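Going by the order they are written in, the chains are A, B, C and D; count residues from 1 in each one.
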Amino acid sequence: MNLGAALATAGKRVILVDADIGLRNLDLVLGLEKRIVVDLVEVAEGRCQLRQALIRDKRFPALSLLPASQTRDKDAVTQEQFAAIVDQAAEAADYVLVDSPAGIEGGFRNAIAGATEAIVVTTPEVSAIRDADRVVGKLSDRALPIRLIVNRLRPEMVHTGDMLSVEDVCEVLGVELLGVIPDDEEIIDTTNRGEPLVLDDSKRLAAIFHKIVRRLEGEIVPFTRFGNGYRHGLLGRLFAGLTTG
Amino acid sequence: MVVRGRGLGLEIVLSEDDLTASLDALDARFAEQRDFYRGSGATVLFGSAVPTDEQFARLRGILDVRGITLRALQGGADVERRAREENVEFSVATQERLSPAARSLVADFAGARNDIAGRRKRGESRVRRASTGEAPQLRLAEAVTTLYHAGTLRGGQALHHVGNLVVVGDVNPGAEVVATGDILVFGRLCGVAHAGAQGDEVARVYAIALRPVQLRIASRIAADDDGAARGAQEPEVAFVREAHIVIVPFHRMEVPN
Amino acid sequence: MHALTHTATATEPAVTRGETTKLGRAIVVTSGKGGVGKTTTTANLGTALAQRGARVALVDADIGLRNLDILLGLENRVQYHVLDVLDENASLDDALVADKHSDGLYLLAAAQSREKEEVDTEKMRALVASLRERFDYVIIDSPAGIEKGFKNAVAGAQEAIVVCTPEVSAVRDVDRVVGLLGNRFRPQLVINRVRPQLVKKGTMLSVEDVDAFLRLPLLGVIADEPQIIVTTNRGEPLALSRDGQTANAYHAIAARIAGEDVPAPRVEMPKPTLFERLFRGGRA
Amino acid sequence: MIEFLRRFLSAASPSASTAKERLRLVLMTDHLALGPEIVDAMKRDLVDVISRHVEVDREKIEVTFERQDRAIALLANIPILSVRRPEPPAPPAPPAVRPRRKRSRRRRTTASAAEPAAAT
């Protein structure tokens, strides 16, 4: 959702589609939960129009959300219906970001049905990387261009050799890097309050999402190098070696 | 005939007046979806219907062909006998189940919802805490059935009923309670509540802690933004006055003598 | 370089369960949301129970997203997987892999190149039932989400553990899962990745906040300790050791599961380290 | 024992490098959908075949898998001690491997695991 908000602040018309039917959360982290009346399943069943179900975000005029249903489950929508909705949304926006459910079952297949590109998000942990590898395999079966975001990086643990570095993750997965997001309490704080980070540019991570947007737009943008500044303890400042981020 | 995913298996509600017709509908429904349900278990609700041997055998046939195991039956004494023969679980048909009249509910609510969606497009209203102005009268119960549900409704669960709806327990955010009459939650109402769902503007929503994500009465809609923060520790009632949803403390309601 | 050790074949797990075959307990570990620590909890709970002398079988029901093997360090010893057993291509004994750290602990790995839809729920239920005859505990690691994979994982279980992190969407997903489990289970809650400093600062939900919302019996609280990441990297579950607050939290969970009444779980505030104490005047 | 001192003095290699190695191996096995026992057998046969033509130092043999973008290459690093004089080659022992049920090739790009690259 931070990516969607960052795109919107860059003047792009963005539609966020929550494909996680039954485990709806995108509305929650955007703070739009109270304004949902009709949802994606009702659009798929033709009981209302797409534009009726879209919820505009007052803080980002170019951003709107198509919420998932909370009381239905994944088999309520077929892949064809899902792809049709994504195509219809694509006509009305520059970017349609589909938030895929976890796993590689029907929900995942629906989510990627209408997509022309894919962003795989992983953390530098062993099981997450292995799952990401499986997803990359599934996506390359459909010849979707794939890019990687490494989330929840802890620079101080990379420095002490207890966490895989971004290079390690890229090398193991063999996928082009799109962005690196350090593990920062700002994320927990803003999702709890339902406010995208880019609302307030003083936030450390806002700049990172703006950089990802520029890369999405095709620009070559150097990656932030995370010194140990993120480590608040004294230890960090003693060993302020640079770790590539 | 209704087929619903409920908890871990399927719940098949057969209509009480014409069992054969609903068995045909069941077969047609499964035919449409080939073996999507293969491998899952089913609970069949007969309500007050008494299936003949031939009808019951037909039901077994329909389930077996689709690879669905019969896990439980619900109905009267006769159905209990069958449950013992088949050694599957049995439970007495309780009024708690969706009353047959409710079957057309989903279509009706869709109608109300679309209207609300249109209304929302034109600027959605915020609920006002009325401090002054006359409090509504407590409504006398008309001849309408009331569905009594004991237990908390967790996220993703929905309870629809034609008539009034009483929930003893919480309605968690992500859960939905919809009724054509009034809704009363003896607990925290944090999910979505839609009373008077078929256009009854006089319907009310009562709760010990009224903090819904969204409140709908007939085709009025309101988001209770400050509700969660305020957390007034007293029972409240929501009703429609001059096309707006208003919430007042329950003790200010006038009780007709 | 990690030497490719020769694969140890699973020895016959002898069945010595006293006269009356007291069936083992089948517990599913689930969460709805992905990445909250289901598999880590399963691996550590299994290890902690085995350390108490129980016979434990861990079943990885996350077909296509196999991870229990790598967390236990057994990734090179898996020859046959769950679907081989269900399709009768291999016997249960061939597929059960003995853990290399704790004896009495066995792993039944998921299939990696198959789909969840290929698993027949009734067969899965039967498999768990047969495991219950041979083990004191059968712990099933459920996939994320609420689709067929989840339903298969839950099919054979009698008890459930739900795992969440103190984060709004994870808590809501657990609420959803509890609703789906229906009244067949009384799930117990494990709150994972708690960061005491953030809870103190009010940025992160506290254990009390989560408990007040979910109202489930609290089985355990696990702090977000870097040591967990280190042990996962090495494939040696943290519960193998007894030092450190987090390792003992897993042992406390195992004790509670085994029926001992252990004081309610809570996360102590971190003791400031020497450096921080010397140079930062120590935190309150 | 002060936590940060313990970490510095812990003899074990940093866990991240262990993790990276384990991951490379396990992802390779996932991709090739081969069980570890088949990978063992493949390595043994490879070394047997080569050692029939040249004398190799078995202890220092390193057979690893390398990722080249999305394909996997089998790299063999085999130190050669001397060239064998041409004598009649002994009949190759049949590989004692139970053929694993062949899964249809899930990935469209064929993994180039078959031909071992030159020793790097």
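Methods note: a residue touches a chain if its C-beta (ideal position, glycine included) is under 8 Å from a C-beta of that chain, and two chains touch if they have at least 3 such contacts.
What you see is a predicted model, and the numbers here were worked out from it, not measured in a lab.
No other pair of chains shares as many C-beta contacts as A-C.
The distance from the centre of chain C to the centre of chain D, each centre being the mean of the chain's C-alpha atoms, comes to 32 Å. Averaging C-alpha coordinates per chain places the centre of chain A 36 Å away from that of chain D. Taking each chain's centre as the average of its CA atoms, chain B and chain D sit 60 Å apart. The distance from the centre of chain A to the centre of chain C, each centre being the mean of the chain's C-alpha atoms, comes to 27 Å. Annotation for chain D: residues touching 2 or more other chains are 4, 15-16, 19, 22-23, 26, 30, 106.
Across the assembly, chain B contributes residues 155-157, 173-175 that each touch 2 or more other chains. Residue positions 66, 70, 112, 172-173, 176, 229-230, 232-233, 273, 275 of chain C each touch two or more of the other chains.
Pairwise chain contacts present here: A-B, A-C, A-D, B-C, C-D [touch as defined].
Per the touch definition, chain C reaches chain A in the complex via residues 32-35, 39-40, 64-67, 70-71, 112, 115-117, 143-149, 167-169, 172-173, 176, 195, 198, 201, 203-205, 226, 229-230, 232-233, 273, 275-276, 279-280.
Residue ranges on chain A touching chain C, taken from their complex, read 22-23, 25, 28-29, 70, 73-74, 101-107, 123, 125-128, 130-131, 134, 154, 157, 162-164, 185, 188-189, 191-192, 233-235. Chain C makes touch with chain D in their complex at residues 1-2, 4, 6-7, 66, 69-70, 73, 75-79, 89, 112-113, 229-235, 273-275. Within the complex formed with chain A, the chain B residues making contact are 5, 36, 110, 113-114, 116-118, 120-121, 124, 155-158, 173-176, 213-214, 221, 223-225.
Against chain C, the residues of chain D that register as touching in their complex are 2-4, 12, 15-16, 18-19, 21-23, 25-26, 29-30, 33, 35-37, 39-40, 43, 62, 64, 101, 103, 106.
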